[in-house]
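Consider the two complexes below, in which chain A is the common component and chain B and chain C are the respective partners.
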Partner chain A sequence: MVRYITPHSLNEALQILDQEEHCLPLAGGTDLTLLVRDRTVQVECLLDISKLPELVGVHQEGGEIRIGPSTTLADVASSPQLPTALRTGAGWIGSPQIRALGTIGGNICNASPCGDTLSPLLVLGGRFRLRSAGGEREVPAEAFFLGPKRTILTRGELLVGIHLPREDDRRSTFRKIGGRGAQTIAQVNLAISACWREGILRQPRLAVGSAAPTPIRIPAVERILDGQSLGDEVIAEAAERTAAEIRPICDQRASDRYRRWVVRALFRDALSSLTEQEVYG
Partner chain B sequence: MTAPFRTIGQPVSKIDGVELVTGRARYTADLQFPGTLQAVARRAGFAAGLLHRLDVEEARRSPGVVLVLTPADLPGPNLIGILPPFDQPLLAGPEIRHEGDSLALVVAETQDQAEAAASLIVAEIEPFPPLLDPEEAMRPEARKIHPNGNLTFAKQLLKGDVEAGFSLAEVIVEDTYRTSVQDHAYLEPEAVLAVPESDGRLTVYASCQSPFHLRGHIAANTGLPASRVKVVQPFVGGSFGGKDDAVTEMGSLAGAAALKLGRPVRIVHSRRDSFLGSHARHAAIIHLKTGALRDGTIVARQAEILLDGGAYASESPFVVMKALIHVAGPYKIPHLRVDCRAVYTNKRQAGAMRGFGVPQVTFASESQIDALARELSFDPWELRRRNALTVGEANATGQVFQESVGLIQTLELVKVEGEWPACWEKAHAGSNPRFKRGVGLAAMMQGISNGAEGVDVVGASVQVSQDGSVLVGLGLTELGQGSRTAMAQIAAEILGVRLEKISVRQVDTDTVHDSGPTVASRTTTVGGKAVWMAAQAVRTSLLEMAGLMFKAPAEAIELGEDLAYLRENQEAQIPLAQVATAAYWTGFPLMNLAFSRAPDAQYDHETHQGQIYIAYNYGAHLMEVEVDTWTGKVRVLRHLASHDVGKVINPLGVEGQVEGAALMGLGFAHLEEVLQENGKVRNANFADYQIPSFAERLPTRFLAVEEATPNGPFGAKGIGEPPLAGTAAAFANAVSDALGISFTRLPITPQRILEALEG
Partner chain C sequence: MSEINTRGSTSGGTDFKSVPIAFRLNGRPVSACIDGGLRALDLLREGFGLTGVKEGCGRGECGACTILLDGRPVNACLLLAAKLEGCEVLTIEGMASPDGTLHPLQAAFLKAGAVQCGFCTPGMVLAAKSLLDARPNPNEEEIARALSGNFCRCTGYTKIIKAVHLAAEEMRR
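What follows is the complex of A and B.
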């Protein structure tokens, strides 16, 4: 029998995690309960952190936006102060039922290469604050993911905050393709952010999900695009390069070749919506 | 009866709709009986092999376990199937024939305990290299999956002289078409609950499709006489053909365990169990050759059809028959030769699924009609029209109908409403380098009734109470298709009562005549006829009683709106409840058990020439699509589905069937494929096996043609299956048209589209 614990404060939660040998934090449970149900993970207790006030909500603090990890995906998708890519990514996850339960922290800590908020967080300069009974550290989003379902979180450590710099002149966008039009796991997803002024793209960031063991940034393409006015040739080169840089797998959801083909389309579509102009190339 | 109808043809909501949408409807998994145990089967996990040892001792000692059933514990023959000799064991061994073979049944206090214990069973299996390719399985040197070899069933259809036909042909087209395994993907997975009764009988509640079939197998496998077994069908969350064999297996196992333990035993499949342990659509390889004259007249067709039946025969013989008869399409082709075979492989078994072989061969046939049109530089609509079957023309089996052949009307409707060929020209006028448009047509037919698959009888009961309310019973099942509502409409029309006064009870094998399986789009046609007959008998009582009360002859009286009234003086009325009460006290029978029997199929078993089905549903589809050449995604812009249904009983019901079948057809043609690698299903869940979601819903518009058949109530013919095949074939033709590439394999997934485009 698995025990279920509801802590009253973040501190209490951290204490429990510190003391309990086989205890996992439970947020929305949309990933974890399935694993417990089919005995893929062995746990003795589940610590429900979904209602801890310290972990819920979207806050503006100085030059930063802080998102509590237990904020639901539905709330992330409908928070106007959040960048477009993140809202769109969260809005594409599962169904309304899943988004009402599932959280952004759960999406991050579950660390699936196809998590739909992950590529947005990479291009938005996201930083994660991690805390345990013993102390706290902060890491850039890119340094957090180690592989499918593997992160740098250590035993007893919780994700307690997701921080985004406020960059008012940066735009962002997200695209996803899956087996069908809704409620579908990404075969590939992609996020771009950049400053777009007077027809020139500056400081672009590009990240792709479901295309490698972790969501990845594609610096080679960012370099191709930086300072460019997006003529057909640049776009064609950047799209091909994106397809070349990813390392997708072939599985029951899609072949590696298909993922490389469609990432070019996602890239062009994302760029079109970022710059509000048709992009071919 | 004099027109106009009061209920027939009216758009009425499902009579059980409120229960269904409020969650009040109770399914097999919801039923509560004290002391109910849960059971889980341990599956083989190997596609082929020999079971050397089965050790269930640890499972027996596991917490909560009360019984582990092994083959030795089964009192009966441990066999099920559709056509004797049966070949599917309830619990397999020593020969393992597919991954989902059940080896033992663990019965425990809770589901969790049963699952935990099932994983403790030790099965020592010596694996064999599995036979997965149906063509390979047909080679003489192939290992025999069953003692008599790997050929499950083979049939031939011969009409005219095919060689002579081809020698006349001025143009010949030839190709090989392939379709994949489709899962039923019903909302409610298979479930049974067996309850031993204090009088020595056994009641089995089952989410099933064919209760009498189930009863027979449960009786044989538990050793009870069939009359001591009662099968009750609660609400069913979809079946589409799937809840025959799998539920037979589960019902027999649960029944055996319940009798042994004297306690209720329930088995509810997980989605994974459903993928591994139920019967899916046959994958097919169809080699097809068609010859025509330059003027578009088709003169000959030859087909070799190979169906992958998986590990057991199940419905394969009947699917063979259906594919055999339908591969010629709805065309008058004078010379035909068709060979159709089903073979055993070490894969998930194939069985009945909505369409029953027709979607596979319709895709092949309609793709080839388009290929022929291209070859002849002929308008594809004109080509279909020119060869279309009509009244008085012989179809593939040489059967000639004198009525109810509405194919040309369906073709004309989609032409007019779809603005063919202007729509085709418009679709191809665009010059968008990324999005390509195309229009696809398909024509089809589908036999209604069991036809050559056996005797076609249905029992029904109609009972009028003294208060004028009506109880209808039928031996065929409500599977979500709305048959309860259609039966209620038929009874209401004949008895002159309002629909609210009618109840249609759940099927219970104690109370109605064995009516065979609920298949072949026959419920409204053959089942509706039985209700029609029973209602007519009770109507006679009511008219005679009313005649006594009005002091008028029965012919002068009409029933309607819960009243009996004089035809000539409609102000003269007596409430039907008074008539019914008087009829009771006077001694008129107010209940009737009727038995409808479709004319037997009569045909030559060597050539399959003769009278096979009592009627056909004919249809024409037009679909316009837009293909994104960057992603392979397809958007369906327009879909017209016209079918000759004889008579629309309930427009809402028909639309629901057409839209649902169309979406399933889209899944078959575009999205769905059970992936089996080394004989193991790789996508046994709905994250990886994606069925159309609401985002994929089609803009289907149904266009009714009503060419009445004398063999159905009010002229009605079935509609449950046909639109699936029409949609799938039209989709394939539309995508092929958009891209100028002939796709010969279903599903045409976005990935396959890009593979074809990128080369």
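What follows is the complex of A and C.
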């Protein structure tokens, strides 16, 4: 028997998580429902946080954008105030059915190395606010992921906010390769953001997903690109370095060699689309 | 799977079905008492006898179990039944008018020959309905994208896309 609790407020939710030993937060359930059903996860109680008003919606606050973790992937994909990389990443997840139910917070807390909102969040300077009955902390997105399906969340703690700095002159882009166009888990995904002014790339950030146990930033390539005007040589060097820096796993979806090969092509494609963008993204 | 009691009472004194829910199903108010781990797919098929909700993969991949939840297509196999609380649910059984007149999409699927074995059809029709409700005049790419979560092993999709165009035309009249 599984109990199902729909709390009325975030505080109530945190109290329940504090008191109930075997209670798991549930957002859209597109990951968790199968685990509960297959009994991969033993659970006595599910706490539905998908409709808590404190956790839903995209808000502009001063120089920041705050995304509630229970915002659906469909809503993230269609929020014009969000940067291009994040909208594109969310819009490429699964199918319309998955995006109508699945949430960005679930994608983050599920911590799959191939989560398609994760590399965008890494290059957009994302910060996560975590709260439990005992208190609150805020961490940069990079510090949140420990390994496949492992995060720094402790028992009783919820992701309560995803914060992005508003940087009007930063552009961003996302690319993904899977087995086919739609409904495909990424074999590799990649996000780039940078300021591009007068033909020079500044403060570039690159992150790759599905190429290591967690989504990763690649600082060595960011250093190669910073302050450059992106001639063929720089692009070639950066693409090679990207392939060299990733630590791909070899699984049933793709071999290590294939992932290194494909990440070069994705990188080149993403970079050229970034410099062609006209507006804030 | 646990037994479903659609009348809302708990059986034998043991409180196995701990979650009371009420929602609108194909236009009618209904209620049930369920286990928190029960899927909407099982409640609809076994509790309410709506076998037009098909189970293909059971893992969110094929779309055969698609229903409309407040107008949006979702996979009933990934949806916990408790999430139906307070919602408006449409299954293929609720598409035709009460007098039996087919919805333009159903009529168009028949006319275009978009049905072979029919296993994918309820999900296809519902996913297409949510598209046409939002975009009365979609192009081919928009149709393909809206149906990207619905697999068909028989038709090769061409006739399905044609059927959606036909229905869109009919519905704009």
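The rule is short, and it goes like this: the second predicted complex is superposed on the first by the 276 of 281 C-alpha atoms of A that agree within 3 Å, B and C clash if a C-alpha of one lies under 4 Å from a C-alpha of the other, contacts with A are read in each partner's own complex, and residues count from 1 in each chain.
Here is the rule we use: contacts are C-beta pairs under 8 Å (C-beta built on N, C-alpha and C of every residue); 3 or more make two chains touch, one makes a residue touch a chain.
These numbers come from a predicted model, not from an experiment.
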Ask   = Taking the superposition as given, does A:Arg3 touch the first partner, chain B, the second, chain C, both, or neither?
value = second
Task = Applying the touch criterion given at the start, work out whether A:Arg264 contacts chain B, chain C, both or neither, answering first, second, both or neither.
result = first
Task = Return first, second, both or neither, reflecting whether A:Ile177 touches chain B, chain C, both chains, or no partner chain.
result = first
Ask   = Counting only touches as set out at the top, which of chain B and chain C does A:Leu201 meet: first, second, both, neither?
value = neither
Task = Considering only touches as defined above, state whether A:Ser255 meets chain B (first), chain C (second), both or neither.
result = first
Request  = Spot which of chain B and chain C makes contact with more residues of chain A, would you?
outcome  = C
Ask   = Which holds for A:Leu101: it touches chain B only (first), chain C only (second), both, or neither?
value = second
Note = Check: chain A residues flagged as touching chain B and also chain C 181-183
Note = chain A partner, complex, touching residues on chain C are 2, 15-16, 18-19, 35-37, 39, 59-61, 63, 66, 69, 72-75, 78-80, 82-83, 85, 127, 130, 145-146, 148-150
Query = Tell me, which parts of chain A touch chain B in their complex?
reply = 177-185, 252-255, 257-258, 261-262, 264-265, 268, 280
Chain A-touching residues of chain B, taken from the complex the two chains share = 433-434, 628, 630-633, 671, 675, 682-683, 687-688, 690, 692-696, 750-751, 754-755, 758
Request  = Under the touch definition given earlier, write down the residues of chain A that touch chain C in their complex.
outcome  = 1-4, 6, 26, 29-30, 33-34, 36-37, 43, 45-46, 48, 50, 74, 94-98, 100-101, 181-183
